[in-house]
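This report concerns only the one structure given below.
The chains carry the letters A, B, C, D, E and F, assigned in the order they are written, with residues numbered from 1 in each.
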Amino acid sequence: MKLISAVIKPFKLDEVREALSEIGVQGITVTEVKGFGRQKGHTELYRGAEYVIDFLPKVKIEIAVSDKLTKKVIETISKSALTGKIGDGKIFVMPLDEVQRIRTGETGEDAL
Amino acid sequence: MNKIFSKLGVIGLLSLFLLGFTQTGISNEVFDITKETVLVAEQDVLVVEAAVEEVPTINSGDTAWMIVATILVIVMAIPGLALFYGGLVRSKNMLSVLMQVFVTFSLMSLLWVIYGYSVAFSDGTGTPWGQMIAGGFGAAFLNGITPDSVSGTIPEFVFVTFQLTFAALTPALIVGGFAERIKFSGMLLFMTGWFTIVYLPICHMVWGGGLIAEMGAIDFAGGTVVHINAGVAALVLALLIGPRLGFGKEPMPPHNMPMTLIGAALLWAGWFGFNVGSELAADGVAGAVMINTQIAAAAAVLGWLLIETLQKGKASLLGGVSGAISGLVAITPACAVVGPMGAIILGFVASIFAYWACTSLKKAIGYDDSLDVFGIHGVAGIVGALGLAILMAPTFGGVGFDEGVSMASQFVIQAKSVGITIVWCAIATFVLYKIVNSVVGMRVSDESERTGLDTTSHGETAYHS
Amino acid sequence: MNKIFSKLGVIGLLSLFLLGFTQTGISNEVFDITKETVLVAEQDVLVVEAAVEEVPTINSGDTAWMIVATILVIVMAIPGLALFYGGLVRSKNMLSVLMQVFVTFSLMSLLWVIYGYSVAFSDGTGTPWGQMIAGGFGAAFLNGITPDSVSGTIPEFVFVTFQLTFAALTPALIVGGFAERIKFSGMLLFMTGWFTIVYLPICHMVWGGGLIAEMGAIDFAGGTVVHINAGVAALVLALLIGPRLGFGKEPMPPHNMPMTLIGAALLWAGWFGFNVGSELAADGVAGAVMINTQIAAAAAVLGWLLIETLQKGKASLLGGVSGAISGLVAITPACAVVGPMGAIILGFVASIFAYWACTSLKKAIGYDDSLDVFGIHGVAGIVGALGLAILMAPTFGGVGFDEGVSMASQFVIQAKSVGITIVWCAIATFVLYKIVNSVVGMRVSDESERTGLDTTSHGETAYHS
Amino acid sequence: MNKIFSKLGVIGLLSLFLLGFTQTGISNEVFDITKETVLVAEQDVLVVEAAVEEVPTINSGDTAWMIVATILVIVMAIPGLALFYGGLVRSKNMLSVLMQVFVTFSLMSLLWVIYGYSVAFSDGTGTPWGQMIAGGFGAAFLNGITPDSVSGTIPEFVFVTFQLTFAALTPALIVGGFAERIKFSGMLLFMTGWFTIVYLPICHMVWGGGLIAEMGAIDFAGGTVVHINAGVAALVLALLIGPRLGFGKEPMPPHNMPMTLIGAALLWAGWFGFNVGSELAADGVAGAVMINTQIAAAAAVLGWLLIETLQKGKASLLGGVSGAISGLVAITPACAVVGPMGAIILGFVASIFAYWACTSLKKAIGYDDSLDVFGIHGVAGIVGALGLAILMAPTFGGVGFDEGVSMASQFVIQAKSVGITIVWCAIATFVLYKIVNSVVGMRVSDESERTGLDTTSHGETAYHS
Amino acid sequence: MKLISAVIKPFKLDEVREALSEIGVQGITVTEVKGFGRQKGHTELYRGAEYVIDFLPKVKIEIAVSDKLTKKVIETISKSALTGKIGDGKIFVMPLDEVQRIRTGETGEDAL
Amino acid sequence: MKLISAVIKPFKLDEVREALSEIGVQGITVTEVKGFGRQKGHTELYRGAEYVIDFLPKVKIEIAVSDKLTKKVIETISKSALTGKIGDGKIFVMPLDEVQRIRTGETGEDAL
């Protein structure tokens, strides 16, 4: 199994979620994060004090998937999160040793 | 474009219906005016300005109340309206809304002393015809007014400031129509124009002894001048500017409902300055206006929540406060002529209409009046302006009609006053939009809208840790 | 159940103690009343209503002030009280608390004009005995009141609205007792009943020329009617409804202390409407009430912070504002009869008692009065009602006692008035709870409570991004 | 240390410049006073206290207004100022700022009735020389004042409470200078001292018939007493206490701008209590003060936004509200002597100066006056105090000068009054800081500052979920 | 070593934390997240605009553990986070190559 | 590739970010988290109700890096985040199977 973690633009979240649900992904965990990258932030000015706010609000979505679904999920995310402009984000894939559903105690792919 | 025109048509029809009801089309209207003026000249017209001509001694009690009433209307605008609106937008646009209300309020205050008061309340030097529409420039820069000038039983400076607050609040109400996508500079330009060619003439027509006053229309505290006016302008602009990006698709829930509650409560409290203050004195009528205002609002809260519970199963805070504002809007023109039970009925009914406008009508027409300025101020304002003709009847505990006036004829007069306001405001707003839009633009870029106006227009963020 | 009864016993004992102190049990009381009435009939009773019967001319200064005082009490309720309470709950219940205060306030406003004012302030047609407890229905729907009606030196409509605000605020105070777990419909039903069988009779007894007034009890601005009443109701309900899920185990810190500060500050400011307004005139006594109110609150802030610092090492903002409210509550009945130094003492002492009630007493009895309505309003209200009998002595700068009244006898009278209020309110609240709970239920399901009332009862969330 | 002294030097120079301008150094001043007193004794000095000596009947209208004005100034302090400041700090220090304002306000209220009013407004028993500086202790504990005492046309208790609010607000203004790093106990001690040796004497000198009043200086509502005084104290303390950890390196943006907007709006509204209330009556002058206050603020909003847009390309909400406060500060001393157009000019100019002070001057000197108390209150206060000498000329629509006084001589008098205030306040603040700092300390530990004062000083957190 | 990441119901956090501390876990990192899964969200209605809020507030806890403690930690979490109702959450186990305590520079299991 | 995740003191974020950018790290994702560990929290008191707030506000930074940069990044973080006082935080290193840049579709080290 894999843990896929993707950092995307916040307003793309709904689209990505729907696309994932269409290919059968049933669970997602979403975190609000701040992204620092090539895309630039903005400047704020308060009575002469200038602050460069160099992070951008992003959301991180995490999905545990079976090995065979991995490729499809990556594809789906990269399609639905795409705007083509800088700051679209990244997808990270990590190995996942074990999963367990707390309610039932199921483990492995059954628990996804 | 076509779509917009067809939507504008709906408003046109609405107002034509109102005018049609009066059995005289807008064109006849124009020609009938001088005749009518003669007919109603002796009428004991209930207009605020009436008091202005009386014996010039200052009553300290009335003055004390009017100073406070003025401050209360200021509190309605800032922070009241600013928060009521601000809480309803997304957090990325919070400051832009606060800013729009705050700066509009400030700018209009200045324009009022520079030429507004003069145009609205001084006598013009023009033809009697022109006089029906607007005053003159004799009191520009408050020329000739001193601490000793008296208006009714209060210092004229107090009257000037009280009226200033109405003139500053009304344009600020419009902000709700185009929130979350307007260009700041375009807005300021538009507001300046709208103040000049919409607010001032309508104010003069209603309170400055002009056309609508002469018709015998009743608008005690500003149903037409303030609420219908702002509501119609917001609707027209919402149609012309178009919906927010993602409207109807992405969720756009209020980002801070407690702020909206604070705003609504301050509007409620401030409304006593608005309504009771319009009596321009601390007397028995003021007392009647006060109780009417309170219970119309209370009834409207329950009205909205009742229909909401019946239709959706839950009573919401946003429903409660929307109801309150609807009731307050509806009682505004009526507060001195209906009795307490009339006030309850009016508030209750107005909130049902406003509910319908904000939910069904809005969906049916498909405009994005971001914060329902039309649905609440426009619609409840119309309900109030028309409804008072019925509820002022003694049967409902009202003050009754002037000699020679029947419920039907008063209703016709009210409908005319509403129709004139709608048509005048809609046309002028349309023209102003076109001009300003081509000169500096009225809408921000898509990217700015996505990012939020707070950082892109004002270089600030509402909340940090 | 047993536990609840044993807890209710504590309140019973408390009030019996008070009554016992008066050397006459509740039963004697009941039979003694007519006799006593005769004895005190000539007394120059200091009740608000006294002014009502005087020469019927309107004084514009008094009217101006009373209009404003009325608005100030409205601001105390919304947004004042709503925010004071709302800030203290968890964010998932924020809107529910705002809603409870807002809708209670609106509903009571309507009930007041429908029958409340009449029952509280009009003369009944019943026996003199009944008259001691409640008025009649002659002024229902404000029947017979016109803009020309005068009450003392102000329009009767203004008096009606001023009293409306008290009747609308008092039930809203109870909300703090059962916050975060109450069922909205049950609450509205309960409030309607409580308004009818608790607020109106007690109000009549104190200010409408009824029982407590006749006894010679002093309650200038509502210590018994408003604060003890609401405090006791909240305590009884807190005991009956039971603690919040996780109370004492999970942390339940205030979700937004700045909101609570705003609320407290508006309560403070609005309290001048409450206290100074109760003079019903802008005169010298009003001035004395004003300074007393201000410095009792200030002293109470310092009192609470001092004991907090001594006991816990840190002075907290919640302590400061709780102190302020305690002081304001305590000075409420006393504000016109004590001098400035008496006001400082009363505020200081009341905050110490309230601190003890909110920390030690609450833990000892083990109830979950979510927002300490009893600890603050109930306890400080009792301190004020009793303490004024001491501090009104000329030695402390007070106005002194009426002829034939000593400090001891005034204290006895005060204790009786407190005892009657506690017993009446506690019993009626208990009965009402039982009825409403079996009809529609008073508490939401555990799951709704876990999720939060905002989404489950009202379909909204307080904060979005 | 050296650096601090060199910075203090700048203030010294500034004030010396002002005094120098008057062609008489501070030393001459001291010796010239008695002579001058004689010269100006017949002048019809425009000081608030003037009304105090007149026929002792209470006017209910004036009283109604003054009760309300008093409440308005209370609202300025809490929640107004508390929120205005609180919104600008980081969330970890939110409650500490609210607390500092709240407790200072409460403590000063008590001190005022204990000895403050007496020292500021009663006649001393000392030498005529001492009388120039401070009153006596005859009215300590409000001794001798009853509900029947009259001051001008209002009850003396109302006058006492009105003046109390000024005395309680002014020290609270200073909080902005040392926000986010002050020790709570040290602050309370400092405030007690500052109230006693700075506020009371300056108040007596200006409004109690002392030195500055006798000079013929005009300060209608508190430019010197309140704003310059607080601004200078904040600057001196900011220099002595030193900048916040990370100042200039880490971002320290406002954590909640909407709170700041609420605060600013309540300050604006409350300022009418401040300025119009200083007329102590509801009359024609009150009307003039009202319109002047409103439009000075409005003009200042536009002034600040204009220069901000020109220099930085964007108009910010913080700019708008800072402008408003600058304008309100500047019009404070001037509001009864300039005309509407003078008010606009004054507001506009003051906001430009304040903008310059908050941006350029602050950077140049390098102090960390956290919330720009000096930049706004100090600088705009000086602009107002000096500018009124010019704008009160009839050419600008002002009331004109007293007989024998020219624009130049009035300007000299104004500059002297400013200079005296600056020097007196700066020296006393410096000395008090040194004492308090060595006794209990004025600054928290670095670790507490990092963690935030809310938890470390008060054991609370502003926001939870 | 393993990185155990568990998504649980917010009101269970205290219980889980205490249970973990009892078995000797000394450090936890907690993040507020939004969960999308089988458990349904709720509907909000604002003046006629209906929004389906389909996420649920959850908390994610992350614990770096030695291999031998892994099983016990999983068990402890699944017991203490259990309510038996839908939405109880999941436990994910990932390989962890290296850990370092910043303060001391310790690495490996010493750094936990 | 590796995913480096570090929990640090919030006020150190700027310093760490700058240090990382100096050694060529171009992208970082930052999350606000609550840390439970050896460092103690504080006590809050509300009208007699005492709550022990035992978590501390921390920030978690996540950086995907090539294998060869891993050591340098760890070093840089531990140096720049160091205060020497308890609660300085931890660095966790996890294997990273795959990375993809959404905007361009690049994968592997090119996507970092």
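Just so it is clear, a contact is a pair of C-beta atoms (placed from the backbone, for glycine too) under 8 Å apart; a residue touches a chain by one contact, two chains touch by 3 or more.
Keep in mind that what you see is a predicted model, and the values were worked out from it rather than measured.
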* **Chains contacting each of subunit B and subunit F, listed by label** => A, C, D, E
* Which of A-B and A-D has more C-beta contact pairs -> A-D
* Could you label the subunit C-subunit D interface same or different, taking same to mean over half of its residue numbers are used by both chains? => different
* Please state the rotation angle, between 0 and 180 degrees and to the nearest 5, that superposes the Cα atoms of subunit A on subunit E. => 120
* Between subunit B and subunit E, tell me the centre distance in angstrom, where each centre is the average of that chain's C-alpha atoms. => 53
* Asked: How many angstrom lie between the CA centroids of subunit B and subunit C, rounded to a whole number?
  -> 37
* Structure fact -> Taking each chain's centre as the mean of its CA atoms, subunit E sits from subunit F at a distance in Å of 18
* Of all residues in subunit F, the ones touching two or more other chains -> 31-32, 44-46, 53, 94-95
* Asked: Which parts of subunit D, given as residue numbers and ranges, touch two or more other chains?
  -> 59-62, 64-65, 68, 253-254, 256, 262, 312, 314, 316, 318, 459-461, 465
* Asked: Among all the chains shown, which pairs meet the touch rule set out at the top?
  -> A-B, A-D, A-E, A-F, B-C, B-D, B-E, C-D, C-E, C-F, D-F, E-F
* Can you name the residues of subunit A that touch subunit F in the complex? -> 2, 6-8, 31-38, 55, 58, 60, 74, 77-78, 81-95
* Structure fact -> Per the touch rule above, subunit B residues touching subunit D in the complex are 58-65, 67-68, 70-71, 74-75, 78-79, 82-83, 86, 94-95, 98-99, 102-103, 105-107, 109-110, 113, 141-142, 146-150, 154-158, 160-161, 164, 184, 256, 259, 262, 457-465
* Touch list for subunit A against partner subunit D, complex -> 44-49, 51, 53
* Structure fact -> Listed in rising order, the residues of subunit F that touch subunit D in the complex are 11, 14, 42-46, 53
* Asked: Of all residues in subunit C, which touch subunit D in the complex?
  -> 59-62, 64-65, 68, 72, 90-91, 253-258, 261-262, 265-266, 268-269, 272, 276, 281-288, 290-291, 294-295, 297-299, 301-302, 305, 312, 314-318, 320-321, 324, 339-341, 344
